[in-house]
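Here you go, one structure.
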């Protein structure tokens, strides 16, 4: 049994930072490089993911904003963390309610705190 | 000088309820029936609006979800209140961050409190 | 269709204040004098209540603290407002999460704001 | 017994607006024109005030920022509402924690909601 | 001098996970296996505990819900974190206000974040 | 590129604890011993700091309360964390809005969580 985050990131260097931060905090994670894969994995239900951590600007056709909306259509309470450098100002118009945005660069502790806050009921 | 809300509503009975509630709370308001008009009025800047109160399902091509996103692109801190019956469950995937959703039916005081909470800095 | 609060209060003078405040805010309400009646009315489902407003110290065997717990067992998201003079300090140990306590005396607007805040999704 | 707000305002037109708004919400109030009077009235303890509503720019030597700090030294949990036009940007550096700022012009309902939010424990 | 959490847990494997997580975050802790011991230790005042971390379902007669209520009667501001698998849905009716519930399984970082959030004044 | 905190602390033992906690969380930091240095470094803009972590009682003429106010005059949204033992009760009258106070002694995780919470937009 685990607390498993689904990470959408297509830059290898960031994949590693996110992986190490979440592992250090005691989270398991699966990393995919595109929104299509992310939505497919949540829809399949094979692993029960507890949170989505997604980059906003991805090489594929789906941006992080769209991935989060699709995931919230499946589960309206799903915890969402966006990571972005250039697109931080768009969160107010493109983000979903009760999500957290991490502006790059961010410290590993910020990611762990963001996921923890969203998971903790209180 | 006034605190003026921009209301997007195309049902006359609801226009009246919203009008009376906001006036009772001491707000001025302009009511339009479509998203195009709403966005045009905010872009024109002739009146400085302080908040958007929008129905979600409108007869025109733009839903309340899209109107709010366009308004937040113009001003990322703009207070947004959605009113909806059928589409309440979509707020988690279609709403913008830090907005408030009023599920129909709602009491006039809920609308006034929602707009006030979003306007008050604290 | 209405937004209907269920009020539990056994002092007539307070019944009137609560009634007038909620009506002024545009809420409908049913007032009962005991916890047993309150729980029965919510369980029956004949009227769909949107919030519970309960005095803490009642003449009957059930205190407001117990009524709220029973109501939350039926619906974990039910909005709860307690009203109390003497027992305000007990809220931290006897209240349910995400409830609001009004310390007597309170202004009518405090009650209306409390119910509105709990009903508004945001 | 009452819920009594202490209002610090030296412009007559605003005194009236604040008076009418709070009365409409069911609050009692005492209005004074300077910080010295406000602090004296809270220190005397003759009336038990429940909240401070203060203009920021006053003709006397004390600004609203200083009045609020003095009141919070007497009671660290005292609810504070500031009203200001020109000085709104200074709230982030001069305001006290857990206070609310009303930017002029504001609707009467905003004032009533601000005081109610700060008084309601939840 | 230390920041010391009082942990109530009667399963050894969980005792270890909680111990390691809190130590990693820099907290000291005392672990007891029953509510009676927990309440006795807080009442004795020999060590000044800063937070309670309690399992909900314990072998002894006292559940975590009751322990938290007793502790909050002693100190109404005491930070409370519940840990539970089966009983998560009961938090809305059995939990105390301003507490945090960790649903098992949880990552160690969630526990550390929960305790930290409750201890930090802000 | 980094997330860099500016720390104001003049006791060596505390400098070390704060340094180690922030580094462990993945933050960079600069430590200065006085308010004058802190304000100068933020004004110079050579390094872009993301948060201020300041002791309240310092040997120099400026207390942490004043440093935070000066920094917030430069940037009204600047994240502020105060650390204090003796002066914790003064936060309600001397702190700035949306700041966090850490009461000494505190665990390293509390500092990391405090800075992370203030940096995360959500």
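Structure notes:
Which chain is which? They are A, B, C, D, E and F, in the order written, and residues in each are numbered from 1.
Just so it is clear, a contact is a pair of C-beta atoms (placed from the backbone, for glycine too) under 8 Å apart; a residue touches a chain by one contact, two chains touch by 3 or more.
Every value quoted in this text rests on a predicted model; they were computed, and no experiment measured them.
The chains in contact with subunit C as well as with subunit E do not exist; no chain meets both. Comparing each option in C-D, B-D or A-B with C-E by residue number, the pair that reproduces over half of the contacts is A-B.
Between subunit C and subunit D, two chains of identical sequence, the interface residue sets overlap only in part, with shared numbers making up under half of the total. Among the remaining chains, A is positioned farthest from subunit D, on the basis of C-alpha centroids. For the pair subunit E and subunit F, the distance between C-alpha centroids works out to 29 Å. Taking each chain's centre as the average of its CA atoms, subunit C and subunit F sit 43 Å apart. Residue positions of subunit B with contacts to 2 or more other chains are 91, 97-99, 112-113, 117, 122.
If each chain is drawn as a node and touching chains are joined, the picture fits none of the line, ring, star or complete shapes. Here, these are the chain pairs in contact: A-B, A-E, A-F, B-C, B-D, C-D, C-E, D-F, E-F.
Residues 1-3, 24-27, 112-113, 115-117, 119-122 of subunit D are the ones that touch subunit C when the two sit in their complex.
On the side of subunit F, the complex with subunit E involves touching residues 21, 88, 91, 98-110, 112-114, 117.
Note for the complex: subunit B touches subunit A at residues 68-70, 72-73, 76-77, 89-99.
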